Each structure stands twice: as structure tokens, then as C-alpha cells.
Amino acid sequence: MASVALKSVSKQYGSKLVVEEFDLEVKDGEFIVLLGPSGCGKTTTLRMIAGLESLSSGELFFGEKPVNDIPPEDRNVGMVFQNYALYPHMSVFDNLVFGLRSRRVPKAQAAKAVSKVAKLLEIEHVLTHKPRELSGGQRQRVALGRAIVREPSVFLMDEPLSNLDANLRERMRIELAQLHARLGITTFYVTHDQGEALTLSDRIVIMDQGKVRQIGTSEEVYSKPNDTFVARFIGSPGMNLWNLEWTDGPDSILAGESVQVPTLLRSAMSRIGKVVTIGVRPEHLFLSSSGTGDVVVCLDVLAIERLGSHVQLNGVLTGNPSLTVVAKLDAGVNYRRGEKICLYAKPESVYLFDPLTERRVEVFGQ
Amino acid sequence: MITGTKKNSLGSLELDLVTNGISPKPKITSPKELLRVLKDRLVAYGLMFPALAVFVVFFYIPAAYLIYISFYHWGILSSATTYVGLKNFDILFAQPLFWHSLLTSLYYTVVMIPATVLLALAIAMLLRDGLNAKRGGLWRGAVFLPHVTPVVATSIVWVWIFNPRFGLANFILTSLHLPALGWLESQQWALPAVMIDSLWHSLGLYVIIFLAGMANVPKELLEVARLDGAKRHRVFYRIIWPLISPTTFFVVVLATVNSWQAFSQIYTMTGGPHGGAGGPAFATTTDALLVYQTAFTYLHFSLAAAMSLILFLIILTLTAMQKWISDRVVFYR
Amino acid sequence: MYKQSLPLRFLKQISIVTVAGLFAFPLYWVVVTAFNTKGGVYAIPPNFIPAFHLGPISYVISNTSWMHYLLNTVFIAGTTVLLVLISSAMAGYALAELTFKGSNVLFLLIVGVMMLPSQALLIPQYAVAFRLHLLDSYTVQIIPFAASTFGIFLFRQFFKSLPREYWESARLEGTGHLRYIARIAMPLAKPAVMTVTLLTFITSWNQFQWPLIITTSHSIQPIEVALSHYMQTFEANWRKLTSAVVLALAPIVLLFLLLQTHIVNGVAGRDSGVNR
């Protein structure tokens, strides 16, 4: 068990900065999810923690100990690879015991450790099988087992569920959460599935093009996105963001031609400037107003997707056809293409961003 | 032209510098790190060591030693070595047998190369269609099998076949109302007999190489030619032959090098009951055979070394010449 | 691909069978001779049907040291194969998986061996063996062939094709290179092991010139050199001589019949860089 700290860790391939000034302190036993679009540097970060890649600059600590110069074999990390990398010519048992024997753990003791892990992961009945005789889920468990059988102090997983079908993925996700609760090993988990990230994580690190955009719990990254990237990336679909010029009024502020916001946003908006980025999550838009002081958004409906539990409306702001609107509304209401409608949102569910820095501005700050 | 290449090489040099400058080698920051790097390197060299040791001791040192011995008087019995300059070569060049052996090797090689190419190509063309069929493998196997058989063992079979009195070769000749030949006992026919054995033994390999080359000729090309109504021999001359020319070149080089170095079959077929190998009357004394006899029958090591050096140079020259010609003739895709 | 007329196709089939027959015939002929009756060998017209007289072959087996030569050959070939596998796998692994200073130079050294004409090196190789006091030994029949450029290339290529994660995973578990090679890389490299084994074995079994010059004691000589001596001994007794030949040929021919495709592709790959 160990806490882990990354101090302005960077990685460069040639002239390409792949990971930039990564700062993170992880408590012992914490479950960290690295989330971000493809190519943003998640795997690279994980491999640097494992020691499989060197750091171009910065420092890495396990506990109090700097590990920059410690080779991977001495870091006591367990890793699950995306393709599992199970040895095809060895039985499940041999796959699990191989690493222990590499470290000269006595045979009997190693076998004991393996059977314990096999029991934990419910793969006892396949111990004599070869990997190709296993189902996807079983392979996944064996890969997990191989990583935990050595009782690593840090556990690294690179998209471990991406090879599974949707159902199995959901089940394994729950099992992973339970496993972590039981073992309490500090874990880094790479994914680009935000569902996994939101359910599994203690904290999520959201990355984009090598930069850390936000570090926080599921709640934080959802309800307090640092910037427009996080706002758009988290949530499905992501937050509506509109760059609009605003004009003050006595009862409300008009942004663009079809968005009205309450006057209590005035001070925040004037701090930003003439043009602001207004953000509202699709699930926070409603058909009817709950009271005065609501945000009003009027749009032209372009498409309606009926998704069973709800209806997803896609449209553009009336008068600003270049700005799209997505709304998740209750099922059972009828809309038509081309219709003009107005939707409402509570003032506290509105976000403001500075269009220049793309960073969020506290609405009720100061 | 010249400036063009210069610019290119300069460009890539710059590129090297740039990439090196931006991604520096992993810095060695601590003694521990240094130890680890050294250990890694040691592992790599350790893994390479057995193979390299063999290559160096039994190939590269001998290659250097060859030059050394050629200019010294060096004997297995006398440990004293003295520098003699070009004397070994002087002796050699004064020997008619040396020139004779070169001519014999030349004769052997000059006959073997076209025979090899033509026969191998013809057989490959013949086997080509049946290649994918199950039985195609059987015919191919029959042609290839001789290539993996031990040379002495099979050369003995050929000695028996060429036996002037009871051999099959003369039986066939007389059945065809042709005069029987002395074969290995005749100055004129001994080397051709060896050639037949050599062809039998080696053709299989060249056939396989040709087949592989032909497999790379795109099927569409042949089909287009057929749609154009080209005759079969024209398809061969205009499409297959030019497209397999790299293969042909490769076969020529390989056959040249192998022919010039032929030893075991000559030694076996012309030695034994027929007296010292290379006979009759030196008719089959090739370069390689003379080197062997000079060293191990007459124990003139330095002379043999000088001859080996010449052999070395001849083979290098032949390969280089063929490369030069092929660069101008062979069609590479 | 061309629709051929029936007679032409027939002619072609006939030619294929004839050619294949011509190549196979000498091997058939040696069997016929070895098992022929005493007079039958010298009969004219010759007797083309084997007679299955086992006299000469049992004479060769029981009254000569043939078994001893066979064992010599098996021992030399077997050891050579083992050493080639080890040295090739090790070097192939280093070239495929490790980055180290000087790897380019070492790589060139390995390729360069193929450029050296073997006949020209015979004399100095003998001289080196003499200086190392290795003349007339098993060692000198084995060690010079204990490394193979082809083997190294084959293993290098194979190891390069293994997923990088195999090594990374093993490394994280504290596995060293040697254990990884022995337990993971080599077992997975079975096809390469098979090819290298077959080709090295065949080459080694067929060795002649080197043992001829480097050995003088009959007791350590391999079968090909022994055959060369037999030729003098059995000069005029063709049944016994061909019986000895049959015994020397049989293992290789059987091996070929069993693993034809593998051998053909392997040899073609080694001698021409063609991999079919």
C-alpha cells in the first residue's frame, strides 16, 4: 500500500509533449481514474507510473520515496494491460504463479497465494485451462488475478474492460468496485468511458492533449467543471455552451436573441466582458417554468430522438442558428420538427465561462 | 546530380541533429542508475556473446589470418613463420596446374550457370500450375529432395550409375544405340558427369526459388495479357521473364558462388577407386580441389592460403560484376 | 489460367511426372542395388525391381563400425542443433528486444558472415583450430557451426512479433531476461525452433569437407567421412557400398518425407530470403 505523488511530471517524444506538468497527490487506497479522449496521454502517464517509460521531467513518489530511478521490477506495481497479455502457452495457474516464482517465492507459498486469488476472483475451476479456452470475462479476471497475486502496492489498469461486451462490462465494473473496496490498493485506472469513471472513481483526472484539465470527485467534475472542455466532456450528452453577447435589461438580461438570464448573474457577467459563454446541461432544461427568475432558452427543433425513458431534443438557438441546443426532456410529450419552443432552467443550474480563457467563472462569487 | 545527393545527405544529417537535440538520451542521474544501465548493457552483450564468439573465432579471425598466412611461410609442422612477401604468389603463378585449375573451375561454372538457370526455370514453369494442388507438393518434393541429401552418399550413387561397365548411364546410351562413354574414367567426360550429379543435387533449391519469384507476379497482369490475346510464349517473354528477373539474378549469383566452390561431389566422384581426387589426369582438378590437395596432401599451407585468397577475390569479383551488370539489366519493381 | 487443349495438358502431366521421376530415381536405384542379388547387380539389362536381399546391409551393420559413425553423426548434429538454438535465440532476443550501444555494428558482423566464401576460409580455419589445439576432436566439429546467421534472424523476427506487453508484464513481476527467454519467449517460438532445428540438423548431418580435413581418428568421424573411406574399402562390392549409402540416406529421407513442407519452406527461406 502506498500513496503516490506526481510532481509536474512531463513526457516528451521527440518534440511532442505528450504529458505536460502532471501534478497529483493520491492517498493510500484511493481509486483514481484517468479519463480523456483518445491520444491525450493516459496510457503514457500510467506507463510512467509503472516505470515502463522514463519521465522527461518532474518527480514521482511512492510514499515518501522518489521512484524516478527505480526500475519497474522494483516498484511493486501490478498492471492489467488492455489486451491482458496472458501467456497463451501457459495454464491459468501457471500464468498466475509465474511472477511469484520469478521472485523466488517458494512453490507451496506461491500456490497458496494463487488459490486465494483464484477463489477471490472465482476462477478456481479454470486454473488448468489455457487462456484461449476462457471467456472474455474469465480472461479479464485472470489478468486481474495476475496483477493482484503479488499484492502490489499500486495497481494500474489500462482500459481493462474495453474488450468486453456492454453487459459484461457493466458487471465487471461492479466487481472491480467491490474488489477495490476489499483490497484497498491504490489504483490508477485508465478509461475513456465516463460511466466507468463516474462509478469507480474516488477522484477523476480529466486530461486533454497531455494537460490535466480537472481533478475531482465525480460530483465535482460534473457540477463544477473547471472549464468548457470538462463541461462538454462530462455528461452524456455534454453541457450546452453558447458564446453570446449580452444586453442588460431591467427584469432580465438578454443574451443573443433567444436566451434570457436573471439579473442576479449581472455582476458575474460584467466581470467577464461583453461576450460570455453560457452553459446549461441538457438534463437541466425543462418544458415548463417553475417560477420567476428562470433562464429561458428558445430554440428551433431540428430532430427528436425518443430514447424510452426520455426524449432528446436537438435544435439551434432561435436567431443564432450556429449554436446548437440539446435537451433531455420527459418522455410522453410531443414535439415536431421545425417547431419553435422555449425551455426553462433554474438559475442555479446555469454556468458562466470566460470565452477567452475558457475557464468557469463563479456565478455567485464575491 | 552530385549536389542533389549532397543536399539530401545534409538534410538527413540536420534531421538527426534536430531529433537528437530535442530528445536527449536518458540522463544518468545517480550511481545506481549508472549501474543499472551498465547491467542492461552487460545482459545484451552477454546474450550476443556465444554467437559472436563463434563468428569471430571461426570466421573473422580466419579471414584476417588468411591474408597473413598468404604472405608468410607457414607450416603446420614448422612453428617458425617467416615473412616472404609475394613469394607464395610467385610460386603459384609459375605453376601450370594452378592456371589449369582456374580454367577447370571456369569451365565448370560457365556450364553450370546456364544449365542451372534454364533447367530450374523450365521445371519451375512446369510445376507452377500444379503448385497449389495437393499433388503439386509431391512433385515439388521429389525435385527438392536431392538437395537435402548428403553429398558423399548420393555422389556414390552417381559413381555407380556412371560405372563404365555396369552403370545405368551406359546401359541407356547403348540402348539408344549411342556409343558407351568412359565417364569418370575419361578425361573428357569426368567433369560433365560431376555436373550432372551437381545439377541433380542443386536444381531443387533453384526451382523453389523460381517458384517463389513467380508467385510474386501479379495474377492480374497475366490475365490482362490473356484478355489482350497474347500468345503463351509472349506472356512468358514479355511479362513473367522481366518480372522475375531479380529472382533470376539471385539464382545466377547463388549458382556462381556455389559452383566455384564445389568440392564434395568432385572429391567423391573422382577419388576412391579412381585414384586421387581431381583425376583422371587433373581433368577435374578445380580451384577448390587444388586448395585442398595443396594443403592436406602436399602440406603446402602457405601456397594453399595464397590460393584461397585468390579464390576469395575471384568470388568477390564475380559477385560484384554480376551486381554491376544486374543494376543495368534487371528489372526491379 | 490458359484453357489448354487436352493433349497439351496430358503432355504436361507426363512431363511433370517424368521430371519428378528423374529426380527421385537415383534414390530408388541405390535401394535396388543395395538389396539386389549378387549377380543381379551386374546384370545387363539391369534389374529394376528390388529383390530384398538383406545380406549386404546386415553385413554393413554388424561387421563394420557403421553404428558407431551413425552415433557420432547423431551426437555431432544433435549438439550442434542445441547450441545453435541457444546462441540464436539469445542473440535474436538481444537484437529484437534490447537497445544497446553497438548493436548496429554487431548486427553487421552477423550479416557479414554470410558474405565470406566458405571454401576460401577453410585453410585459415584449419590453422586457427590448430592454434587452439582443437584438431581431431568432437569439439572442432561442433563449435564452428554453433552459431547461425539464419537462426539469429529467424528468432529476431519472431521475438519482434511478440506483443510488447508480454515482456512488460513479466518485467513488472520481477522476471529477468533469461527466465523470460526460457519460459515465455522460447516456448512461444516453437515454429522458429522447429525450422532452425530441422535445417541445422540436415546441414550438420551432411557435413563432409570440414570433418574430412579436421579429423584423422576414425573413431570420431561422422557418417559422410566414413562413407568416403568405405568407398575405398568396398571398392568393388557395390551392394555393400550402396547398403552403407542407404543407411546414411535413410534418416534424412525419412525426415524429409515426414516434414516436407516445413523443410522446403525453411531451406528456401534460409538460402534465398524467400518465405513462402
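A, B and C are the chain letters, set down in written order, and residue numbers restart from 1 in every chain.
Definition applied: a contact is a pair of C-beta atoms (placed from the backbone, for glycine too) under 8 Å apart; a residue touches a chain by one contact, two chains touch by 3 or more.
As the structure is a prediction and not an experimental result, all values here were calculated from the model.
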Most central chain, Cα average position: C
Chain whose mean Cα position lies farthest from chain B: A
Intercentroid distance (Cα basis), chain C paired with chain A, Å: 59
Between chain C and chain B, distance of the C-alpha-averaged centres to the nearest whole Å: 17
Gap in Å, rounded to a whole number, between the CA centres of chain B and chain A: 63
Chain A partner contacts - residues on chain B that touch it in the complex: 19, 22-23, 26, 29-30, 32-33, 36
In the complex, chain C residues that touch chain B: 1-2, 12, 15-17, 19-21, 23-24, 26-27, 29-30, 33, 41-42, 44-46, 83, 86-88, 90-91, 93-95, 98, 100-101, 103, 106, 109-110, 112-113, 116-128, 130, 132, 143-144, 146-148, 152, 177, 202, 205-206, 208-209, 212-213, 223-225, 227-228, 231-232, 235-236, 238, 241-242, 245, 248-249, 252-253, 256, 260-261, 263-264, 267-268, 271-272, 274, 276
Touch list for chain A against partner chain C, complex: 50, 52, 72-75, 77-79, 81, 83, 85, 87-89, 98-100, 102-103, 146, 150
Chain C residues touching chain A - in the complex, by the definition given at the top: 163, 165-166, 168-176, 179, 183-184, 187-188
Partner chain C, residues of chain B touching it in the complex: 40-41, 43-45, 47-48, 50-63, 65-66, 69, 74, 76, 123, 126-127, 129-130, 137-154, 156-161, 163, 166, 168, 171, 175, 200, 203-205, 208-209, 212-213, 215, 219, 222-223, 226, 232, 250, 254, 257, 260-261, 263-264, 267-268, 271-273, 288, 291-292, 295-296, 301, 304-305, 308-309, 311-312, 315-316
